[in-house]
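A, B, C and D are the chain letters, set down in written order, and residue numbers restart from 1 in every chain.
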Amino acid sequence: MSEIKEIIMHSDKIHTDEYLVNMGPQHPSTHGVLRLLVRLEGEIVHNIQPHVGYIHSGIEKMCEAISYPQVIHLTDRMDYLSAHMNNEAVALCIENALQVEVPERVKYIRTIMDELSRLASHQLWWCVMGMDLGALTTFFYGLRDREHILDIFEETCGARMTLNYSVPGGVMFDIHPNFQKRVKDFIKEFRKKLPEYDELLTGNVIFQERTKNIGYLSLEDAIAWGVTGPSGRGSGFSCDVRKHQPYSAYPLVQFEEKLDTKGDTFTRYRLRIEEMHESLHIIEQLIDNIPEGDFAVKMKGVVKLPEGEFYQRVETARGEFGVYIVSDGKKNPYRVKFRSPGFSNLFALNKMAAGHKIADLVAIMSTLDLVIPDIDR
Amino acid sequence: MTNEELQAYLAGEFSNAEVKQGKQYIEMLVRAADLHETAVQLKMAPVLSFDYLFCLSGVDYPDTMQVVYHLESVTHRHIVVLKVNTADRVDPLLDSVSDVWQTAKYHEREVYDLLGVKFNNHKDLRRLFLDDTWGFPLRKDYKDEVRIVER
Amino acid sequence: MNALFQYISTVFKGIGTLLTGMKITGKYVFTPWKHVTQQYPENRETLKMFDRFRGEVIMTHSENNEHLCTGCGICEINCPNGSIEIISKMELTEEGKKKRAIDQHIYHLGMCTFCNLCIKACPTGAIVMGQNFEHAVWDRSKLTKVLNQPGSKIAQGVKE
Amino acid sequence: MGFNIYDFSGMTHNMHLWFSERMSPTATTIVEWTIIGVSYMLFVALFGLFLVYAERKVCAAFQQRLGPTRVGFWGLLQTIADFIKLLMKELIMPKSADRFLYNLAPFIVMIATFLAMAVLPFAKGLQTLDFDIGIFYVTAVSSVGVIGILLAGWSSNNKYSLIGAMRSGAQILSYELSVSLSLVTIIILAGSMQLSVIVESQRDSWFLFKGHIPSLIAFVIFLIAGTAETNRGPFDLAEAESELTAGFHTEYSGIKFAFFFLAEYINMFIVSAMAVTVFLGGWMPLHFGSFESFNVVMDFIPPLVWFFMKVLGVIFLIMWFKWTFPRLRVDQILTLEWKYLLPINLINIILMSLVVLTKFHL
C-alpha cells in the first residue's frame, strides 16, 4: 500500500481518471516474476514503475564464498538464455587476470558457441514476441528450430541450457566428433526456415501496424539509460562489444553491426532477425576452420587471481554483459559484480511505453527481451 | 585521444583526483565532495564526453565503502573508471549522479539496497530487490544465520 | 483519386500479407505427419541420451566390485553447493601401514546442479556422469545416495 | 412417423399430429417445447465439446504438434475429462463482486447463444422457428451476448476484466454493423429475410457464386466481422491473455467459466452456420448447372451432412485465422471497421443493387 501512496504523492497532481494496475508478478507477458505498477487512463499507459527482486537469488553474495570455477557455473543461472556468453565473460576475466593465453582452438569453439547461444536466444525471443502479440503459432515454430541448437549443446556440453562449458583456460570438453556436421546441418536447415519467420510474422500487416512507430527510444535516451544490445542498436547506439572490444575469435571474422536509427519496436524486432542472419554468417566462417590443438591449457588445481580489479565485457543476446571482479589474492573473489544488460534495459521501459496503450506496452516489453533472473541476479 | 594522452589530460584537468593507469583501464579516484562536479565535467567536456555509464558497483573495503563507475564515451570510445571512497563505512553517504546519467538512478538504488550507501539528491532512493527489514547483504559483516550456511 | 488508389492498394497489400502468413501455417496443417512431438513414455526404448549428457553422478564399479575412488575428497572441495560428502576411514594395507580409504561417498542428488566440476577434478576418474534423467521420487530422502556399492573395494594399483 | 433423411418436414409434422391426438393442445405445446429444448441443450453440449476437441487438434496440426493423445483413442475423451474437471471445480467469487450480476452474466451469454440457434435451418424442415425476419432476428439476438460480457467485466470488480469488457463492448457494437450490412447485401439478392426461403432460392447455385464479386466481398467481410463478433482469432482483445491475463472472465471458475467457454465455441458455430446458410447454400448440395450425373451424386448426400460439412469447413477457416495472425490493438480494430469494412460494405451494397437491377445474377 505504501508504494501506491508514494506514487500518488510523487505525481504532480492527483488524476482522478487514472487507476493503477499491477502487471505481475504473475502475469503471462512479464516472462517471469517481474512486477510493473502501471498507471493507466483508460487504455493509455501514463507511467510504469518496475518492481524487481521477486527472483533475487543473491548470486553476487554467493560468489564471494566460492572459488572461481564455481563462479562460472553460477552465471549460467542468471541469463539462462545466453548462458555460454556469461560463462565466457567470467572465464575471459580470469584468463586476463592470470595472463593466460588460450589456444586458438578454444577461441574458435567459444565464438561458435556464443553465436549458437545467440541464435537460440533470438529464436526463443521471436516465438515469445509472436505469442505476446497473439500469434500463438510462432511459439512452436521457434521452439522447433531451437531444439536443434539445444541438441548440439547437449551433445558437446552435456547440458541443454546451463552449459557451464567455459572453464578458466579453455573449455570443459573438446567438441564432439559430430559437432561440425550437426552445426552445418543446422545452418542449412535454418537458412530455409528463417524466411518463413519473415513471411509469417514480419510481413504481416497486423504485426507491422502493431509495431511500427511504437515505443520510440531516442539515441540520447538509449545512451543515458544504458540500453544495449539489439534494443540499443535499434536507436542507433553503436554498442556491440564484439566490434568495439573484440574478444575470442571475433577479430578474425567478418560481420556487420546492424544499426538503425528509427528506434521503434519494429526496428528492434528487425535488427534481431538480421542478427540471426549475421550469427549464421559468423558460424559459417568459423565452423570449417577450427584449428587443431588443445581444448584447454593446463591450469593449477586452485585458481587464485592476483590482487586487483578486473573487468570483462561481452556481448550477450540481450546486450552488454560485464563482470567486475575485485580480488584480494585468495582463492575466492573479494567482490563480484555482474553488469546485466536486462537491468539497464528494463528501466528504460517507462521512457518508451508512456503514452501508448496496454497492448503496446506488452509489445515493447517483448522487444526488450527481458530475462528476469538476469535483472534480479 | 590515446590512452596516455587521456591520462595526462585527466590528471591535468582534475587536480584533486588521483589518476593512474590501472590493469585495464585508466582509474581515477576522486574525493566524495568532488564526485558530482567531476561527473558533470566528464560527461559535458567535449573532448571527454563520457556519456555511457556501463557499470556502477559498490565494494565494501575494510575501512571504506567504494563506489566504482565504469564510463565510456560513445563518440571517442575511451573508457575511464571513476572511483570514490566514502568517509564513513557504517553510514556511507555520496552525491547521486542520477541526474548526469539516468541509468544511475536504478544502479544507485541497487547499491543502496545491497550495501547501504545513501545517495544525496536521489529522487527515489528505496530498496530495490529486498524489503525494508533486511540488512545490507553485500557488506562483509553481514550475518544471516538462517540463510547462509558456512562450510 | 491518388488517395483512393492508395486506399485500395493498402487493402489488397494487407490481404496479400495475411494470405502469405496463412500459406505458411497451411503448409504445416496439411502435412500433419511431419509433427515434431516426441511421445515420451512410449519412446523410452528408443530414447537414448547423448553420451556426454549430465544426468547424475555415478561411480563405476568393475565386475569384481572394485572402484577407483581413493577418498581424497577433491570432488567434495570442488562441488559448489555441497552435494558431495566423503566419509573416509583408515585401513591397514598389506604392509601393515595405515591408509586412508573411502567409507561412504554420499551424493545429494537434490542439491546437485550437474556442473561437472567434480568429475573434471577427480584425479582417478572414479566418478562419471550417468545418462539417467528420470530422477522423480516420492520421498526426498531417496535423493541422497551412497555411490560406492556395499562391500566394494578400491581397485589394485590406484594411487592418490 | 416416416423418417426421411432428405426431408424432415414430414417427420416433424407427423410428430405434432401424434402428440395432438393424445393430449390437449397446451400439453402438446409443453411437450414439444421440452423436446426441442432438450435436443438443443444436448446439441450445444456435445457439439461444443467436439469443437473444443477439434480446435485443439487443428491448432496442434498448425503448430506441428499432436494435440491431446492420452485420454481415449486419439484423445477423443480429453474434452469430456476437462469438462468433468470444470464441473467439480470450486466456484470462486471475488470478495467485493456484485453477486447478482456476477452470477447472471454467464447465463445471459448462454441465453443469447441459444436464442440465435433457434432459426438456423439444419436441414429441410429441421428448423425450430421460420420467421419471415429470420436474418434480422439472428443479428438482433446475437448482440445480446455482449451484455453478458459487459456484466461479467463490470461485476467481477477486477480491472483486467473491466478493460476486457469495455474492449469487447466497443468491438461488438461496431462489428454488428458490418455483419448486418453484409447480410443486407444478400437480402437484396434473395429478396427475403426468411432463412428457409434464402436456402431454397440457392437450389441451383449458391449465392456466393450467384452474386458475382459483390457477394464474394460480402462473404469476406462477413467472415472477418463474424470472427470479430465471436471474440476469436485476431480479434480476441476481450480476453487477450498476454495483456489482460484472461480478460472479462478472469474471475470466473468452474462451470461458470465453462459457460463462457462453451458460448464462444457455439457462437463460432452460429457464425459459420449463418455464413453457410446465407452464402454457401445452407443444406443444399453443390450443383453445377449442366453436369447432371454429378448433381445426382451430390443430391445423394443427405442435407444434414452437407450442412455440417460446410459449417466445419468455415469453422476450420476461422481457426486458421486464429492460429496464424497476431492480435489487433483496440484502436486498430475500430479503424478496420470504420475506415475499411464499413465503406467497402456500403459500396458493395450499391454494387449488389446494380447487379440485381440489371438482372445480371440470373
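Before moving on, here are some points about what is shown:
FYI, a contact is a pair of C-beta atoms (placed from the backbone, for glycine too) under 8 Å apart; a residue touches a chain by one contact, two chains touch by 3 or more.
The shown structure was predicted, so the numbers you read here are calculated from the model rather than taken from an experiment.
Among the remaining chains, those touching chain A and also chain C are D. Ranking every chain by how far its Cα centroid lies from the centroid of chain D, the top place goes to B. When the C-beta contacts at C-D and at A-B are tallied, the pair with the greater total is A-B. If each chain is reduced to the centroid of its CA atoms, chain C and chain D end up 51 Å from each other. Centre-to-centre, using mean CA coordinates, chain B is 64 Å away from chain D. In whole angstrom, the spacing between the mean C-alpha positions of chain B and chain C is 41.
Centres computed as Cα averages put chain A at a distance of 24 Å from chain B. Chain C has residues 18, 21, 24-25, 36 in contact with two or more other chains. Contact of a single residue of chain A with at least two other chains is seen at positions 137, 144, 200-201, 204, 206. Shown for chain B are the residues in touch with two or more other chains, namely 151. Applying the touch definition to all chain combinations yields A-B, A-C, A-D, C-D.
Residues 10, 52-53, 56, 58, 60-61, 65, 96-97, 221, 223-226, 228, 237-239, 244, 308-311, 313, 320, 322, 324, 326, 334-335, 337, 339, 343-344, 347-348, 376 of chain A are the ones touching chain B in the complex.
Chain B makes touch with chain A in their complex at residues 22-25, 51-55, 57, 59-60, 68, 70, 74, 77, 81, 101-103, 105-107, 110, 114, 124, 128-130, 137-138, 151. Against chain A, the residues of chain C that register as touching in their complex are 13-14, 17-18, 20-21, 23-25, 36, 49-50, 52-54, 74, 78, 80, 113-117, 120-121, 129.
Only residues 58, 60-66, 69, 320-321, 323-325, 340, 344 of chain D touch chain C when the two sit together in their complex. Taken in their complex, chain D has these residues touching chain A: 59, 62-65, 159-160, 163, 167, 234, 236-237, 240-245, 323-332.
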